[in-house]
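Below is one structure, written out as structure tokens; the observations come after it.
We just call them A, B, C and D in the order they show up, numbering each chain from 1.
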Amino acid sequence: MSKWIRSNSVAVIYAVLFLITALPILSPLGLPISIGPTTRKFASIIDSLKKDDIVFVDINFSPGSWAENGPQLAVIMKHLWTKGVKVLFFSLAVDGPQMYMKAIGQATPPPSLKYGVDWVYLGYLSGAETAAAAITKDTWSLVKSDYFGTPLQNLPIMQKIRTAEDAQLLIVVTSGEMSWMWVRQWYERYRKTYLLAPISIMVPSGAPYQQAGQIAAILAGSRGAAEYEVLIAKPGEGATVTDALTMQLLYLMCLIIIGNVIFYTQRKGRRTSATGGI
Amino acid sequence: MQQEESRVVSLDPAIWAAALMTIGIYSLGFKYNRFYKFCEFTLVGLGAGYAAVLAWDNIQRIGIRNIQTGKAYYIIPMVLGLMLYARYQPKLQWLSRYPLAMIVGIGTGIAVRGTVQADLVSQILGTMLPLFGSKDPLTYLNNLLVLILTVTGLVFFIFTIPTQRVKGGALMSRIGRLGLMIGMGALFAETVAGRYSFLVERVGFLLIQWLGLR
Amino acid sequence: MSIVYRRTIPLAITVVFLVLMVCEYFFASPVLKNVGLEMQSWAVLISAFAVGLGVITILRHHGMRIAKRSEDWPMSAWLMATMVLFMVLGIGFGQNNPMFKWIYDNVYGSLSSATYSILGLFITSAAFRAFRARNLDAAVLLIAGFIILMGATPTIAALWEGLRYLSGWVMDVPTAATGRVIVIGAALGLITLALRIIIAKETGFLGGGSGEAA
Amino acid sequence: MLELFSKGRAFAFFFLMLVLVVVYFMLRRAEKGKVPEIRRVAALDAIDEAVGRATELGKAVLVHMGYTDAGVRGEHAGAILAGMSIMAHVAEMCARLGTKITVAPAYPELLPYVHETVKSAYQRGGKLEEYKEDSVVFLGNQQWPWATGIMGTLEREKPGAHIGVGPYHGESLIVAESGARVGAITILGTHRKSQIPFFVAACDYALIGEECYAAGAYLSKDPAQIGSIAGQDWLKIITIALMVLGTIVTSLGSGVLSDLLKM
């Protein structure tokens, strides 16, 4: 048995990883988490919105990054619903509509809010940065109707929205490089608040923008979403993903320790340079 | 990952296709097999087909539409594009080099021009931080550390000047290398969590949407 | 003479466009800006034509395998079939064709995201191998990585608040310096490479071997 | 004078000119016979060793030049060309030693150059008859198809050496780890700082940033090209000097130098 494990060690490592990942998905563990300062700042900015303030939300990701961006979008929606603000959703990513539908299924708006009055979704807008420039400069010139085909003149909410000047806040939920472009198109041009909810591997690249104040706060991936869920007491998928992540990371740390123990007790094996030959 | 009510295996062929393909790719983690090969060949085939679709779209959008709207000189890049195919005609093979040379020139130009501002000037600026002043002393210590590690790191990469023979050169290079090791370890670990979340998404898809286990 | 056609002229074209793109970036000239933008869209157009070369390469490669009845030739046939099918659907019926979309979402999309998420497996085995304290450098790599891993684990971070600051420090100070060293070095290296191309010292990329056999 | 330049790019332009002048000067100096001594770069020396080892074991060599969606017309063109130089060198070695080589470029526009490079390497080695058209494979120019294809190719060919320099993105670790899995000596390099740690962790040898760009010059052993690397080194010294000077000036409360750099 132990011989078999040794010769198939990689396969065993992977198999256990799958098990560890599956466990919290099947039954959430509710592991404790601490809430970071940027998550607090992110939430407090949304919290400081007044009734009838206008918020732009770019749903800018695809199914592949749902695990990170989905819980973010859902928890942001849940928080927005409680503030009585008017929300303009749109997507600069092709798969945006699919993601909007999935998120709103999880963050169902309270019955007091009406589509077309309190929020609207414009669907996918092609053209990346050009589209960003256009929707902020003159929303009505870029789109004529919402995602479901209703002309803008029939949507009460749209009577209040003509340009970015009407809005107080932009929230971008994204898995891509489009976030830096929004600094130019939103913060630099209109000097309005910009909140970013990226996947976690993008967080370091966003740090300089945050330091410079161009991005007001960054919500870091699924973990940020989980912290946010705890903060506003609205449990959601972020906690599940974070549980799984915790288990995976603990497992990896155990593996690393085991690897070192084996290395020091045996001191043999394939001779490779330890640090990529540098 | 969706909170679906039904606790049964999915009957949707789309979900089945997606699930089987996912398992096929994962199977490589355990052993190379024909199922993986099937998935691989499917993806490579579809990828090449998709590339062709996108390319055709670009030819229409940039080439044909511009010509139709009066920018007749877009004939030139169209002809240049066609010249690439001269490669299949031994006598005219050299013709295919010209459009290529042009793209290579444009690309290298774009690479070089962006790098000076973003990677040289702004990085030098980023290092020029005060070492004393009225703020928290820890800030200045950190500023100094960044400066030291950047300088020694650059020294470590010097190829032709024998830094080892300069007094203190060997030590600087050593510190630089250790600094690099910290950075590499940290950058690697930093991305681990991000990469795992994609695995969570896929496993969630398999367990919940496909098998209906929750 | 053939060298003039085959090497000198292409190299000259590369250099001209390289310099043009660099000038466009630095100088405030509307004319240059327009020319630069136009050239970039020419490049997109020419590259679109190049995709055909890829398709031909695939058809030849796998066609040959089928003709020779090489091992597993039906797989090659399958690859060609998926490619052609996707091309016909996407180009002939448009990217909004329901069948095209179905394959894109459920097969192409699933295979792609499965491949992306297999990173979760590979990063585990890579970390298992790499994070071993074989010598001082590797130990430093391990410690830095471990601190970041602990900081990234929500439960551990919840137990000890200080960890968040420690891992923040590792990212902000030594790792920032590492990033800077790499970026500055790469920028200098890139410009040097471009200069070697401009003065025809580095021609390895032109096809036909490196420098000396020009 | 300043209005000639786009806003905030004047200093960068002069810095670029300085870089070019210094490199050109050192290059000329080396051409005239003052060739600098170059230190060994383990990862670059390892390329020759790896090809040699693959030959001894009767195994093949797999080479690629990374992946980026814009190909050679985009911002990563330089790194791709650096990868092409290494590929040319490896092809030449393989032709000389009679080792099977497979090149898998992710850029269709480069296919003609790659074909010609491999073919002429065999031609120069006097082994044109051994050259096979299918030593260049195309696995598409889309990220995940290409990465999947590389994984599969590695598993099927079980090459002895696996060498790649160019831009790499999310697929970097997949490519590196797959090489390690099949026991190939894996030597990968990139200029993208976010992917280098993966290569350092998973490869036998990793080429870091500038080492990729210097590879062509280093492997060519051409004095002029090595001179250019010396120029690059002197620029590092100048950069260090600027940083130290800038820190001192800033610490004294003056913004002169930072204003100059932002010019």
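Heads up, the rule we're going with is that a residue touches a chain if its C-beta (ideal position, glycine included) is under 8 Å from a C-beta of that chain, and two chains touch if they have at least 3 such contacts.
Bear in mind that the values here come from a model prediction, so they are computed numbers and not experimental data.
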| item | value |
| --- | --- |
| Chains touching both chain A and chain D | B, C |
| Per Cα centroids, the chain farthest from chain D | A |
| Inter-centroid spacing, chain B versus chain A (mean Cα positions, whole Å) | 20 |
| Whole-Å gap separating chain A and chain C, where each centre is the average of the chain's CA atoms | 25 |
| Centroid distance [mean C-alpha coordinates] between chain C and chain B, Å | 5 |
| Inter-chain centre distance, chain C versus chain D - centres from mean C-alpha coordinates, in Å | 12 |
| Multi-chain contact sites of chain C, meaning residues that touch two or more partners | 22, 25-26, 40, 43-44, 46-47, 50-54, 58, 109, 111-113, 115-116, 118-123, 125, 127, 129-131, 137-138, 141-142, 146, 149, 152, 171, 178-179, 183-186, 188, 190-191, 194, 197, 205-207 |
| Chain A: positions in contact with at least two other chains | 10, 14, 17, 21, 64, 201, 204, 223, 245, 248-249, 252, 275, 278 |
| Touching two or more other chains - residues of chain B | 25, 28-29, 37, 39, 41, 43-44, 46-48, 50-51, 84, 87, 97, 100, 103-104, 106-108, 110-112, 114, 116, 120, 124, 127, 150, 154, 157, 177, 180-181, 183-185, 187-188, 190-193, 195-196, 198-199, 201 |
| List of chain B residues in touch with chain C within their complex | 14-15, 17-19, 21-22, 24-26, 28-29, 37-39, 41-59, 62-63, 74, 76-78, 80-82, 84-85, 87-88, 94, 97-116, 119-120, 123-124, 126-127, 142, 145-146, 148-150, 153-154, 156-157, 176-193, 195-196, 198-199, 201-202 |
| Of chain D, residues touching chain B in the complex | 8-9, 11-13, 15-16, 19, 36-39, 41, 70-81, 108-110, 112-113, 115, 138-142, 144-146, 148-149, 151-152, 155-156, 173, 193-194, 196-198, 200-201, 208-211, 214, 218, 226, 229-230, 232-234, 236-237, 239-240, 242-244, 246-251, 253, 257-258, 261-262 |
| For the chain B and chain A complex, residues of the former touching the latter | 1-3, 29-31, 177, 180-181, 184, 190-201, 203-204, 207-208, 213-214 |
| Chain C residues within the chain A interface of the complex | 109, 112-113, 116, 120-121, 124-125, 127-135, 137-138, 141-142, 146, 149-150, 152-159, 161, 164, 171 |
| Residues of chain C touching chain B in the complex | 2, 5-6, 9-11, 13-22, 24-26, 39-56, 58, 72, 75-76, 78-87, 90-91, 95, 102-123, 127, 130-131, 136-138, 140-149, 152, 167, 169-181, 183-188, 190-191, 194, 197, 205-207 |
